[in-house]
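Labels for the chains are A, B and C, by order of writing; each one numbers its residues from 1.
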Amino acid sequence: MTGLASRSRPEVPAPGSVGPPRRPYTLGVSTATDLDPTARARDILGVSRLTNSALTGWLHGLPGVDQVGCEARAAALSTRSIKTTSKAWAIDTAISMIDLTTLEGADTPGKVRGLATRALVPDPSDLSTPSPAAVCVYGDMVPFAREVIGDRGVNIAAVATAFPSGRASRAVKLADTRDAVENGADEIDMVIDRGAFLAGDYLSVFREIAETKEACGDARLKVIMETGELVTYDNVRRASWLSMLAGGDFIKTSTGKISPAATLPVTLVMLEAVRDWRDATGEMVGVKPAGGIRTSKDAIKFLVTVSEVAGEDWLTNEWFRFGASSLLNDLVLQRQKMTTGAYSGADYVADDAPSGY
Amino acid sequence: MPTFEYAPAPESRAVVDIASSHGLFIGGEFVEATGGKPFKTVNPATEEVLSEVSEATADDVDAAVRAARSAYTRVWSRMSGADRGKYLYRIARILQERAREFAVLETLDNGKPIKESRDVDIPLVAAHFFYHAGWADKLGYAALGENPRPLGVVGQVIPWNFPLLMLAWKVAPALACGNTVVLKPAETTPLTALLFAEVCQQAELPPGVVNIVTGAGATGQAIVDHPGIDKLAFTGSTNVGKMIARSIAGTRKKATLELGGKGANIIFDDAPVDQAVEGIVNGIFFNQGHVCCAGSRILVQENVADEVVRRLKRRLTTLRVGDPMDKNTDVGAINSRAQLTRIEELTAAGAAEGAERWDSGCELPGTGFWFRPTVFTDVSQSHRIAQEEIFGPVVSVLTFRTPGEAVAKANNTPYGLSAGIWTEKGSRILWMADQLRAGVVWANTFNKFDPTSPFGGYKESGYGREGGRHGLEAYVKTGGDQ
Amino acid sequence: MSARVDVRKTYKLYIGGKFPRSESGRSYEVMAAPSGRRATPRFLANAAMGSRKDARDAVVAARKAQPGWAGATAYNRGQVLYRVAEVMEGRRAQLVQDVRDSEGLTPARAEAVVSAAIDRWVWYAGWSDKYAQVLGGLNPVAGPYFDISAPEPTGVVAVLAPQASSLLGLVSVVAPVVVSGNTCVVLASEDRPLPAIDLAECLATSDVPGGVVNVVTGRTAEVAPWLASHRDVNAIDLTGAAGADGVEWGDLELAAADNLKRVLRPGGSGTEAVEPDFEATPDLGRMTAFLETKTVWHPKGR
């Protein structure tokens, strides 16, 4: 489960065989990322020039999201009862999907080293426990994580682009990104300019994502939409499609600094978006809810939603992540319970980096 | 390739203790029937016999009506509304306390998924008693007319699709208004009604206020024909509803009839499509489609029809069909072999008439009564599957081009119970809602129920309303009424 | 000087806003009610003897008119109906004469009955934009939904007009049906049909669209069963079964069950049918009998 993604997009099998043959997107999967993002966007939108009004027409033409219906669906998925073998599978899968995160002003090299160590050995009492997918830190902390992790199969993700507010010039954001990549980050978690999005300046958001993607080089780009500031599910859907259009490899809910963060309905809307995006383009994009997911029970609800909404192709850490810190503790606790048959306690979970994220 | 198989998550049936045989509940006690032929009630998911139930004869019905009359004249009609209300509150509370037991028993006897009996049926049952309890001493404020008074003894005959919920819809308003009742549950689902009798005992409801007689059509007819009955409340098929209307013609018995439907669920091209697909699923696959107000006809705007059908089919492949006691089951068992046969016959007719049949292909258990979620496309108004109530997990998809055409097709049926509208355009919702000849219109939602919300049909879907202030009208007389 | 030979009125049916004779070509003698010392019945007029086909045509006209009438604003319906009262006031002399002849009343009593009938019409006209507020409203459901119930007309209503109270009774059964947007086919009092045709002339000369009220005169026992069993009739008012020759209201209710018509039974108890006292102040019952409650749900979200 901890095998990490290759950075190029794999061949994706056609989704479910039901229904009439869908309109094939003219660009092949393998060439999609080779194109200049603006040219690709023009092609997808069917316009000769990528203008803000073209983007507006496209995004506002997406089907709306009814809040009550969406939340009812999420609540229904939450009632799934995951027991015994499926629970054990879900716990290990969830652990393997964690981006183990510390993003505090008070972070120190020592804390980051501890976090990285924890990622390599999440439960010293049971070495069969899988590792999280990545550690996620500020860009300047990447080298300290790398010291510990080396090339031992856990990725290092860095937040960039003036995280968490995103309030800086484009040049600063791109420099921030390049800096993190040069420091050895495998993955970049950027924030979008929510102000620009809410003001309707979609072209600016598009360009920023596309340029950040370019600055990432081989690093995979996660686009943080800060859904708590977008407020409506219609906005979440539009931001998701805009992020995917601009070349994001993942769409991510939140910085963890704003509440509400990763709710199940928001993640549901994003999972619908990546599912529909694959239908439209053949490309897979990952989803990362981040912030507020603290218990195994919560994590399993998200996995149920991934499975039933996007489908099982997304049930790997290549395409789904949890941005979390304390979640790992609870998953390890539950894993111990399943292994030993007895309820465990916090003192039996080694925690190098207690954090409030 | 990762797979997320859900391990079995069965609800425990240890919370219920089903007696091997049941008598009738008359005058506050369980009594032996006077000679009818006992019948077996089975778990439709396993065909296991759950219990043997008495068949009430005309004599038994007469005893029940006399018990109800006696309780009416001596106790219940004389009691203050406040005190009647307190009994109903007691019942509501006991139902909440014993909710799990009722949910399990309902699922065993009916075949519906435990998550529905647990999360929908039983909570709504308690809510109905709670709501009506509060009306008992406030009827004078309900704008029913001057001096609202109870009718007397009410005969109630309820169906098998929501056994305890239909009991609550009938019993709660009747009692709140000061009537006493003789109720017959459906012959395939009598057990929760009989357990409800125990609730009446625990609540120390005066004997005879609620009487429960089990049996089939003959028992129901005996209630309908009994001269001591002042009012009938029936939920079931339109054919039986018409028989009841004929039976009481020329008498002074009042009636409310909640009958069949062929609800249109109308999807416009600007609908919130993911929620609309959920609405379709909830509209027709909720409770195996055993819902009179089911959205059994999808009317989808032609320019998005393929897309909506594609999404619907994809969604249906995630529906989990099987053991109703499993907490993850979405679609349970068909209630009876007879109903299964009817569904099979009508769907065969649909295919034979040229509609395109698709089902989810899911595996079905080896014993019990099962039917896969099924979608018919290329359906015309004149197909039987577009006209007749199938009462199963089968939906017909028709298309339309304009709002006017959608209205015309939706209304082109002798029924008029429910309709759905899916569009993000507010003014279109209100225009459509005005045009649709249906008692309940769900816009951007479907199959929602609440004790405060009146429910009932136009045309051959019956008459009278249940729930809300309007539902009380059926249980009182006012002014100079005799 | 000899007295002027007056010009007499031909009493015809009223269907779809027109005054046709019966398609059957039949008519029947209408006699004045016995009053005072006069021993022999006095001939009043030949009324059209409506047939089942006239009733059928009337249902077609009523069905055709129904959506438009229900679709008019409540304010508009109220004004149109109020206008009927104005026209009735203008034709008071004829109404008084026909009520007096039909019911055998004294002139003063006939005046009082006509006044009551006009006032009754005004009372119902005023309900057009009020009953929905009184009978409908918001339902406080336990969830994030806007949920509202409102009354709607049930559709086409067949009305057996009272046999005795030929104008006040007629107004008291017709006005509550049409005020909410129903249209109707009225079987006039068999022996006292003339005030019904007078009322039809008032309707025709006010702004009530043709087909909203259709009046068929003739034998109740002959025509009523066709209306009771008519599948395109949504409801039937059996008030006029009381005192109608050869009519068992139970038989009509039985026929009405075939398409589950809403049935307003006649007054009285048991199988006996009694004509109500139309002098009494009405309640909402005659309106609610021909209303459906429609409940609309919508989620509330951002």
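The working rule: a residue touches a chain if its C-beta (ideal position, glycine included) is under 8 Å from a C-beta of that chain, and two chains touch if they have at least 3 such contacts.
Just so it is clear, the structure is predicted and the values come from calculations on it, not from any experiment.
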Tell me, please, which two chains come out on top when C-beta pairs in contact are counted per chain pair.
B-C
Of all other chains, the one whose Cα centre sits farthest from chain C
A
Measuring from the mean C-alpha position of chain B to the mean C-alpha position of chain C, what distance in angstrom results?
37
Express in whole angstrom the distance between the two chain centres, defined as the mean CA positions of chain A and chain C.
70
Chain A and chain B, separation of their C-alpha mean positions in angstrom
44
Expected list for chain C, residues touching two or more other chains, is 143, 145, 299
Chain B: which residues touch two or more other chains?
444-445
By the touch rule stated above, which residues of chain A touch at least two different other chains?
66, 68-69
Under the touch definition given earlier, write down the residues of chain A that touch chain B in their complex.
16, 18-20, 22, 63-66, 68-70, 72-73, 79-87, 89-90, 93, 272, 303-304, 307-308, 312, 315-316
What part of chain A is in contact with chain C in the complex they form?
66-69, 71, 231-233
Under the touch definition given earlier, write down the residues of chain B that touch chain A in their complex.
1-9, 115, 119, 270-275, 278-279, 306, 309-311, 313-314, 317-318, 327-328, 424, 444-445
Where on chain C does chain B make contact in their complex?
134-135, 137, 139-143, 145, 147, 149, 154, 234, 248-251, 253-254, 256-260, 262, 265, 269-271, 280, 283-285, 288, 292-299
Which residues of chain B touch chain C in the complex?
127, 143, 145-146, 238, 241-242, 245-246, 249-252, 257, 259, 414, 429, 433, 438-445, 448, 450, 452-456, 458-460, 462-463, 465, 468-470, 473, 478-480, 482
